[in-house]
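Next come two complexes, and both contain chain A; in the first it sits with chain B, in the second with chain C.
== the complex of A and B ==
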């Protein structure tokens, strides 16, 4: 029982990341009809927004400490961040410590801008081209983006820790009456799940309860009719691309304390997120979210020692196995709509 | 009027045969008049540096390349001479190798066996490299070593830690300076027993590939001999990035030590996840829960950040060593590049000098003569204390460093501290235990 609860918890945070990326993918596909293989790169760029802000906050001047020496025996040069000079050591340290949460504010405008530039600058030229062309150009764009990041930040992972207040783990087991240390779960992963739930809720609320969202939904259902009503649907769809980029970027920002970001992290999520979208149903936002959590939890269960003892290697194929089964039994995915990607 | 027998079909057949002949690998054809593959005939000799320049180990590859460039500079008489000043052999004079100026070409392994073999083949066939060296992975090392054996050139391995490189996959043309999994286990176990006691229950997470298996086996064997119990050993996919589903059940197993048989990005992520789960804050079986990382590299420690603090592991070399060789190398590298060298840089630099020295002592670039000069060669002054290049398996035997993540680092390079220098006798083993056959040296041509 404890193992089951533990793997459900693990699946929730993994599923959160899948759901957020797949949500953005589905938004783009549903509005613009573009299969965006650069979406994983947007997740990665979001993570590097956190790295960038962290570096900005630790911009330093150098002082020489005569009491210590460096590796060549010279007096040690010590970097002192400007924020510590400006706000004092305690406040300066706290600002640096909270770099990841602060990066949310930094990442939103940056990611929206990147999304809009990407859509206006490149992707709009491929709307009327076959999906194969869209996949090729966005996949190429993803490679270019990750090579740019590698050029400036290197290939090595860059540690970007959570604030000290969120280090350690919560003992769910003790709360539920089990022995201590049996069901523990890191605080930051709880926050990640809650954050994902808020973002997903906000996107749905935005689409459901605002006039802008209503027009976008109408455009997703029948673009030509909306345009005939004199509404500039293209401009709204461009903004939706920016919002989808921001959702992926925020998923990346908050993911940095879970795994140190590196230039390749977007590719690691990309294929899985596409499977999530297909399983959820092309163009279905609730389907993407549901499939994200479902596959995250199943992946966690497949990694259990007891499962691997019976079915070795299941952890590496479970997602694809589930995708095959679902597509065989429900060809449009869990919540797919008729006519989407079927022409 | 003369009649020719040319037919369309005949021309096509002849063309195909001739084309196939021209397209055949020049490794096997071009040097037929020479005594050995890529025998240098001009005033220079070309070495091939095969390192990861793209992919996840690109930073490590960049450090290897810096070290090779420094070695070439020193071999040609430039700079301060580096380790040539402290090397016990005095065959190198700073006038190239056998009077020939050292030049080099580089290849990108991408840390993929196929790509590494292709780049090594290109350097041998197109650029005339007489020796191939470098790499950051055992899979790559084994693959390139086999290619060099076929091609008839010497392979001086870079960073490769699997027992197999000089064990079951050893080759007569291949040589390794870096230590291996067995040595890590043998060096670590006594330190772990001293610090954590002999009554411990270990849980292994092991990367699902060759290096992971040999490292798990080495650490298990060594720690079980000290009295530890292995409660579980779980294989993790090499492509895994989030290890939470593997780490969460560790405490349920009753284990009080987690051994992470991971390298590179796997290690950075698994250690970060383990620390996130608060494992090191837990008390299990009335003991503090501990984590062990059998193989450390500076770049991994940098990637994992503060999570490495207090965690034991092993390493081939560290820039804080105070012997004359290490100090000379750190000064030379640090002055040129502005930061201290990594263990990958050190082993690559040393391999380049060892090869050049062997050529000088052999008086020939012939790989068989060079191999003979390297076999059972004993040397000192290269940063690891007295070292033997054992003839039976072409593995270097030297002291091994046990290190620990530093509690209060002074810079991004000052992440590990040396806990103990394990004497070579403690990590020496019988060459036959890992099987394999060296075979005979292949000079190519």
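== the complex of A and C ==
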């Protein structure tokens, strides 16, 4: 029982990342009908938004501190971040400590802007071209974005820690009444899961309960009719692309403390996220989310020692295996809509 | 000749001449001159040109003719490589059995993968092939380590059984050979400032590539090739005429898988080691890039694309900041620095950026790749006779 709960918990954080990326992919696919291979790059750019903000926050100037001396006896030179000058030492260091959560505010406008520019500048011209062309051009774009990030930030992973308050782990098992020290779970992962749940909820609420969302859903169902009603659906879809980019970006921002960002993290997640989207059903938002969590949890179950003893290497291939089985038995994926991507 | 019409024969002979003279053509600059770094006429790179040419020709038979975009072709290349290296470990260091077995094993593997993947089409097909390739890659790295050597990979060792070869002397390294002619051996010819290298392995690979190229021409011109084109243009109509498209697409898939296996076997023949990283999905992406860059659905396009990408990979990535400073040394100092800093991100380690940008430009503006570009340029010069606007010779226009 403990082991099962532990594996479910372990699967949640990866599953959350899959679900968020797959949600964005599906939003783009469902609205614009574009297969976006650059979506992993958006995830990566989000992560580097967090890196950038924490670098901006720690921009500092050097002052000479007369009260302390270094080992040669000279007055010690101390780097003081500008935020400490402006907000005082306590607030300043708190701001630096909370750089990753603060990056959310920074990343949202940046990612929406990137998404809108991408759609207006490039993807707009590919609506009428075959899906293969869309895949190819976004694949090229992903390479370009990745290389630009690599040029400016280097090829090595950049550690970006979570705020001190969320470092370490807590004993989740004890809270549920199991023996202590069996289910130990890091704080940040539970926060990541909660964050993902909030974002997913927000996207669904936005689509379900606002007029804008209603129009977008109508456009997803029948674009032509909506246009005939005199609604400029293109503009709304462009904004949805921005929102999808922001969702991927936020997934990246919050993922930085779990895994130090490097320039190819996007590609690593992209391949899996595509599998997730296909398993969930092309164009189905609930399908994408459900499949994301399902595959994340399955992956962590497959990496249990007991399972590996029977079927070695299962953890490496479980996602692809599930995808193959699902595609062959349920061609539309778990919750695919009829008539979407059926040639 | 060989059942080809005049135009195709001309193309085949042209390619054969180019390939045979490659050691000269790719070495236009004298040794030691400032431009010598652009020389591509060294064996390692030339071998890669033809081997990846074979890989891309095969991929083009699938993607160019049927329109099925596979993102997992590197798996067949990897399987072929592993098959070849095991032949070398168990049977003989002669490359002939290794190459044959690699083609057969890759063919069987691609039959299995294609049988399943071809139940779906479009993006689903891409994802399925990608899933299979990633599975093979992960398995080669983890569970199959006894067969694949895992992270360290495989190479022939002195004390491998090798039933057909005699025992090697202690301390000798087993070398791939063709009936005693070592693949690594080359004949160097120094003329004036030039140094030309004629490598046995390169010429073996080149002959194989010419055969592969000839076969791809035959496939393109055959009724079978017409059926594949019909699958691409309208599969539904094909079904309505009472034809089942599956056997045709499956055959194309297996053929292109065998081409990939052949490329993998040749890779091992040239450089007797295998690692799982050549099955990673970026390797599959690379062959897609090659075909698109050269021109999908054309005969010569994939070879051109493979050559262009491998040339960029090897030559662009060698250029560093000092060389750039030399180039722009004639400029005033300030402008020199600005120019260097402008160009620097696109070369050396950043050559992928150049590749990505060129690739995007090609997909956006030139969907037919380099071949279409060449045709457009040729048409510009041929403006005088607009009536003769048909396909101008060697290649069929891409979609």
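FYI, the second predicted complex is superposed on the first by the 327 of 343 C-alpha atoms of A that agree within 3 Å, B and C clash if a C-alpha of one lies under 4 Å from a C-alpha of the other, contacts with A are read in each partner's own complex, and residues count from 1 in each chain.
By definition in this document, a residue touches a chain if its C-beta (ideal position, glycine included) is under 8 Å from a C-beta of that chain, and two chains touch if they have at least 3 such contacts.
Treat the numbers as computed from the prediction; the structure is a model and nothing was measured.
Trainee: Give the label of whichever partner, chain B or chain C, reaches more residues of chain A.
Mentor: Touched residues of chain A are more numerous for B.
Trainee: Determine, under the contact definition given at the top, whether A:139 touches first (chain B), second (chain C), both, or neither.
Mentor: Second partner only.
Trainee: Counting only touches as set out at the top, which of chain B and chain C does A:208 meet: first, second, both, neither?
Mentor: neither
Trainee: For A:232, select first, second, both or neither according to whether it touches chain B, chain C, the two together, or no partner.
Mentor: Neither partner.
Trainee: I'd like to know which partner A:181 touches here: chain B for first, chain C for second, both or neither.
Mentor: first
Trainee: Between chain B and chain C, whom does A:60 touch in the aligned arrangement: first, second, both, or neither?
Mentor: In the superposition, A:60 touches no partner, neither chain B nor chain C.
Trainee: In the overlay, answer first, second, both or neither for which of chain B and chain C A:316 touches.
Mentor: Touch partners of A:316: chain B and chain C.
Trainee: May I ask you to decide whether A:148 touches chain B, chain C, both, or neither, giving the answer as first, second, both or neither?
Mentor: second
Trainee: Following superposition on chain A, which residues of chain A contact chain B and also contact chain C?
Mentor: 150, 316
Trainee: Where on chain A is chain C touching in the complex?
Mentor: Interface residues on the chain A side: 35, 122, 125, 131-133, 135-137, 139-144, 146-148, 150-151, 267, 271, 274-275, 278, 282, 312-313, 316-317, 320-321, 323-324, 327-328, 331, 341, 343.
Trainee: Would you pull the chain B residues touching chain A in the complex into a rising list?
Mentor: Chain B residues touching chain A: 54-59, 232, 234-235, 237, 239, 241-242, 244-246, 248-249, 251-252, 265, 268-269, 272-273, 276-278, 281-282, 284, 299, 302-307, 319-320, 330-331, 334-335, 339-340, 410-411, 413-414.
Trainee: Mind pulling up the chain A residues that touch chain B in the complex?
Mentor: Residues 2-3, 6-7, 9-11, 13-14, 68, 70-72, 76, 78, 150, 154-159, 161, 167-169, 181-182, 184-186, 188-189, 257-260, 262, 264-265, 268, 299-300, 303-305, 308, 315-316.
Trainee: In the complex of these two chains, what residues of chain C are touching chain A?
Mentor: By the definition above, chain C touches chain A via 67, 69, 116, 119-124, 126-128, 130-132, 134-135, 138-139, 141-144, 235-236, 281-282, 285, 288, 292, 345, 350, 352-353, 355-357, 359-360, 363-364, 367.
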